[in-house]
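The block underneath contains the structure these notes are about, expressed in structure tokens.
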Amino acid sequence: ADKVTLATNWLAQPELGGFYQAVADGTYARHGLEVTIKPGGPLVNNRPLLAFGKIDFLIGTNLIQPFDAAKQQIPTKVVAAFFQKDPQCLLSHADGPWKTWDDLKQAPLLMGNAGRQTFFLWLHDAYGFPRANLRPYNHSLAPFLNDPRAAMQGFATAEPERIREASGKEPRVFLLADHGWNSYSTVLETRNDLIAKNPELVRRFVDASIVGWNTYLDAEDTDAADVLIKKDNPSMTDGLIKFSRRKMSELELLRGGEAKKLGIGAIDVERVKSFCAKMVAAGMYQEGEIDPTTAVTVEFVNKGVGVE
Amino acid sequence: MNERSLWIRLGAPMLVGAALLAAWEAWVRCAELPKYILPTPSEVVATIFAQWPALAPAWLVTLKTMLVALAAAVVFGVALAALFASSRLVETSLFPYAVMLQVTPLVAVAPFIVIWIGWERVWLTQLVCAWIVAFFPILSNTTMGLRSADPGLRDLFTLYDASRWQRLRLLLAPSALPYFLAGLKVSANLALVGAVVAEFVTGTQVDNPGLASTIFTSQLNSDTPLMFAALALISLTGIITFFAMEWLSHLLLARWHESAVGER
Amino acid sequence: MAAPPLVELANVGKTYQHGATALAGLDLHIGAGEFVSLLGPSGCGKSTALRMIAGLSQPTSGTIRRAWDASPAPAAGTDCRVPWSHPLGCVFQEPTLLPWTSVWNNVYLPLRLRGVSQAAAKSQVDEALTLVGLQGFEQAYPRELSGGMKMRASVARALVTRPQLLLLDEPFAALDEITRLRLNDDLLALWRERRWGAMFITHSVFESVYLSTRVLVMSPRPGRVVEEIVIDLADVRTAETRTSVRYNELCRRASQALERAIAEASTAGRSA
Amino acid sequence: MNERSLWIRLGAPMLVGAALLAAWEAWVRCAELPKYILPTPSEVVATIFAQWPALAPAWLVTLKTMLVALAAAVVFGVALAALFASSRLVETSLFPYAVMLQVTPLVAVAPFIVIWIGWERVWLTQLVCAWIVAFFPILSNTTMGLRSADPGLRDLFTLYDASRWQRLRLLLAPSALPYFLAGLKVSANLALVGAVVAEFVTGTQVDNPGLASTIFTSQLNSDTPLMFAALALISLTGIITFFAMEWLSHLLLARWHESAVGER
Amino acid sequence: MAAPPLVELANVGKTYQHGATALAGLDLHIGAGEFVSLLGPSGCGKSTALRMIAGLSQPTSGTIRRAWDASPAPAAGTDCRVPWSHPLGCVFQEPTLLPWTSVWNNVYLPLRLRGVSQAAAKSQVDEALTLVGLQGFEQAYPRELSGGMKMRASVARALVTRPQLLLLDEPFAALDEITRLRLNDDLLALWRERRWGAMFITHSVFESVYLSTRVLVMSPRPGRVVEEIVIDLADVRTAETRTSVRYNELCRRASQALERAIAEASTAGRSA
């Protein structure tokens, strides 16, 4: 079997469940792959490992970093986009003063470093969220819970439940995707030379991952994968896992959009271009600085794998 | 140090500690703060006991990283200081690189260290990170100490044709000892912080998570009592190390150095 | 004095960094078996001269020749069970003991630096300590000693290597007269036995005449030798020597030379 | 230190530095490493110039945090050490809390510091974080130094009924100076790292970004040359600070302390 | 001696931490205007006694009474333009100068500690420096001085406060005889003028007799006073004093007392 390493962007969690599923139920093995998953973390930066060739695949949070790679002429590409819709959201207290998207502009907004340098720039440009309202966020809910006027960033598949578990009340959720943020999320990247030298391996990995995701979403019993997830990430509770799985289905994160027809992982180049245009409009890139088509390839997806 | 003063020196901080904890407990109870904002000390202690099966191994992992990093910092810091003592030129030429190593933030260089060492060797990577954080104070203090030997004694060693090694071991090392010990206290603390931060920036060893993993997990789960439990263990480690160092100082300096002797 | 001198200073000058000239035109030689005393007013450069002879400080002018520079000492680590001899022994004006170890270890130090084991050094170290009357204080630390005891430990350390040339900077200044006289006699006895060369800095005219074969009197800053008094007393000196006419005459001569030198200084000082 | 030795002491490290940079440049060019993996020094320098309009203000922000935090560390560390010097009991009672402050990882307590100080006051929060990182070495070293005064001189001051303050200022402070200076070198480095880390944990700033924001953004954007440019500025700051400290040491100790005087 | 003594030690004993007994049963008193010399073998506890009188060390048995404990010194910061007098002046056996400042500042230190401004202290400090012959070295740092010069700076520092009781621990041991004799005379002249009390530790029998009104001879460890010799020479002493019969007789008595004390010690030491 070929040895392959997949580095993720976060600790083990249901939002990465398909990959763990494929490890746990032997899907990768059946595709002739021996996969090791290297989890990410709050201060862990796995990205350079890909460029250095120390790992083979990397999960990216959204399309921004692949665009940056294109800009820096780093020879990597997105080969599959697992979340058709970005679960990135803003949250406010259920009994707090902020009831609408526009209200949030007045809220002190807890946001971490990555958010500030990516989607906040878009929030600022497209909706006029003021910079002065930014507040530090270190993955601790305490500052948010401490202040009913606060708003914070989050993943729609996790933070609402974390907040409910801590305070008993589920917060209001505002999906960025509902307001025009049309990036893919949980995108799979690899190096161009791997695509060139061993496209077969890339194909097997993408296919197996899609199968893994399908299993993870459909199966009643995903215990094997969840055990792996909980082992790698002790903060995972059964409640959180259940919530995430439910939300992923509800929001059609994996099977919505183009994936309905083309299968999980589907990439629509037009959508990538449109997202890129939005980012250029938001001032993140210069006009023409990035060729979004070099950041992605549809060579390995849109084949309807796993679609009944 | 006689029996009585030993008791005072152990008793006084404990009394102060008890008073502070009591005040904290009282304040949290009166203000009725929810425990995800600030738990009471008794809740923290209860959490330590309740979570001991998970906390103990994590503590051991962090402790191990800290101790090995500190040992490496001592060995390397002292060796480098000894090299510096041999020539002022070597010292000024190399010291800036030691400074660079210390001032470069781990978050920035961690990925490169990971690449260089290999991401599978997580513990080694963490060790190197913690070592980078910890070694400078030992180097800086020992270097200053090695320079501070009494000139009369230096002359004595020159007169009797002491070899470099003899001079280092019999003259410079004892002279540098008080400086070294002051540096060691700082380095011990930094090794501990370094061990925790290293786990943050290099990622947990999946099989052997340390206290950083506990802290992060508890942050995610808003389990503030657990986080305080972990922090309490870290503080405890630091304080125990501190008193161990004090005791070591006393042992090594008691009979001769001004900082430790009583009445002349 | 036919033998080549152990050490020879020719026209030596020393000016310190901040411009103070301690020595100017110092000529001085010490032959094997000679016991040379240096008398001079406070601050005239005696310690400076001693440090230069010991090789711890370089002259800013003039030359120093040392006999043992040609034939280097045996390398450290050589078998040293046979009594071993270092070319130089030195008692500085301050005791300069290692504060972190015992008196015994301080006296053992020069032997240790030559690789002599503790066991092999034991008899030699104990002998030196007994000579200066410090038996019973082997395990004391320097800070637990009185001023005079520290100096005696320092003397023991200088003697323990059986040097060919002994440099002593006011070794007995902090001692009571009885102990001092006893140590004078002990030192002389040792000297007669071993015939080392010695340079002895003292402020006691009597002591210098009693001990020496030659007394050099120095002028105040900048220091140089202004008078040389050859002591032609019998080799063996006893209490009777002190009452002899010749001894008292020599003492008077030395005293007067010193007085003259200082008188010059104070007139120079007042005019400056 | 005379003219010549001054030149050697500045020239030697520069020569070594130049040699290392040349080797790095040659190696990267020969191995044909792409600049997103490892830029050459010349690329880094070019980046510094090209990005100067963005780097300069960021540098100033970090520098300001560092210097103010260092100043606070000096004031607080020295004041506390002076307090400790007044009584051994106070020292043992309070020192453990200084240790706790130092060993608690910023990443864990930053959220609480933010809540406590108020999250609008970002700069103050950063300052407090950097200060927490920096102050311990000064405290530890100065405490040791204050204890190391010569007992003979202590007696002298007792004899002449010196007040506590006179004893502190005229006897203990000069005795502690070499220790303090060794600690200051460590603290200066830590204040710099602290300033960067503090910005990380309190959130990179959009309006007045410091070098931490630059590093984070460049990491996020895979802009390795920019990251190296920022790291180079940090290293440079550290090295300049180091030489400034050396110079300060020389100035303060040159005429009397063993560590600085030349020939006796 | 009718006036109450400045300081009185009754049956004082001192045992150090590691069990060494330095003093046992020491009785001693110093009256105003008395010049008391302490003679005794090296290590007999003279410095220990001095430190206890200065209040720097506590006796383990017996009592010490100090006249000035009852009437405390004026608080620091009081107006001090009028010449101010500290009860105690002290020259330790080691120079104990502050290494980080100049000779001038070192001598100024005791005045500074009483809040005297530099300008106000100038004449007093300069006078003290001139007295010990250190004019011209005001700006030198201690490490740039010779051994004897350091001790002289220390003497200047003790004199500068015009103390009521002066404690001197071998202040002139490191000085040449000419300088020493001159300083002896200067000290005596000052004493006749100011009539302070003085305790003078020395190893020179001649010096002790020449300077004192009373000489105390101590026995070796554990030290106590074994002989008291009242010096009934005329108050004004000159070079002629040294040749007087009475002076020489007193010197012989002191010498013999010391010799007896040490003879005891060495037999005791050998039997131990």
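A, B, C, D and E are the chain letters, set down in written order, and residue numbers restart from 1 in every chain.
By definition in this document, contacts are C-beta pairs under 8 Å (C-beta built on N, C-alpha and C of every residue); 3 or more make two chains touch, one makes a residue touch a chain.
Chain-to-protein mapping (UniProt): B, D = Aliphatic sulfonates transport permease protein SsuC; C, E = Aliphatic sulfonates import ATP-binding protein SsuB.
Model, not experiment: these values are computed from the prediction.
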{"item": "Third chains touching both chain E and chain B", "value": "C, D"}
{"item": "Higher-contact pair (C-beta pairs counted), A-B versus D-E", "value": "A-B"}
{"item": "Chain A-chain D separation of Cα centroids, rounded to whole Å", "value": "39"}
{"item": "Chain centre separation in whole Å, for chain C relative to chain A (CA means)", "value": "85"}
{"item": "Inter-centroid spacing, chain D versus chain C (mean Cα positions, whole Å)", "value": "50"}
{"item": "Sequence positions of chain B contacting 2 or more other chains", "value": "37, 107, 111, 150, 155, 200, 219, 257, 261, 264"}
{"item": "Chain E, residues touching no fewer than two other chains", "value": "94"}
{"item": "Contacts with 2+ other chains: residues of chain A", "value": "42-43, 45, 47-48, 52, 138, 140, 142, 146"}
{"item": "Chain D-facing residues of chain B, complex", "value": "5, 8-10, 12-13, 15-17, 37-38, 88-89, 92-96, 99-100, 102-105, 107-109, 111, 136-137, 140-141, 143-145, 147-151, 155, 178-179, 181-183, 185-186, 189-190, 192-193, 196-197, 200, 212, 215, 219, 227, 230-231, 234-235, 237-239, 241-243, 257-261, 264"}
{"item": "Chain C to chain B touching residues, read off their complex", "value": "51, 54-56, 73, 76, 86, 88, 90, 92, 94, 96, 98-101, 109-110, 112-114, 141-143, 161"}
{"item": "Chain A residues touching chain D - in the complex, by the definition given at the top", "value": "42-43, 45, 47-48, 51-52, 64-65, 68-69, 71-74, 108, 111-114, 116-118, 120, 131-132, 134-138, 140, 142-143, 146"}
{"item": "Interfacial residue positions of chain B with respect to chain A in the complex", "value": "34, 36-37, 54, 107, 110-112, 114-115, 118-119, 200-204, 206, 209, 213-214, 216-222, 224"}
{"item": "Residue ranges of chain B in contact with chain C within the complex", "value": "150, 152-153, 155-163, 166, 170-171, 174, 177, 255-257, 261, 264"}
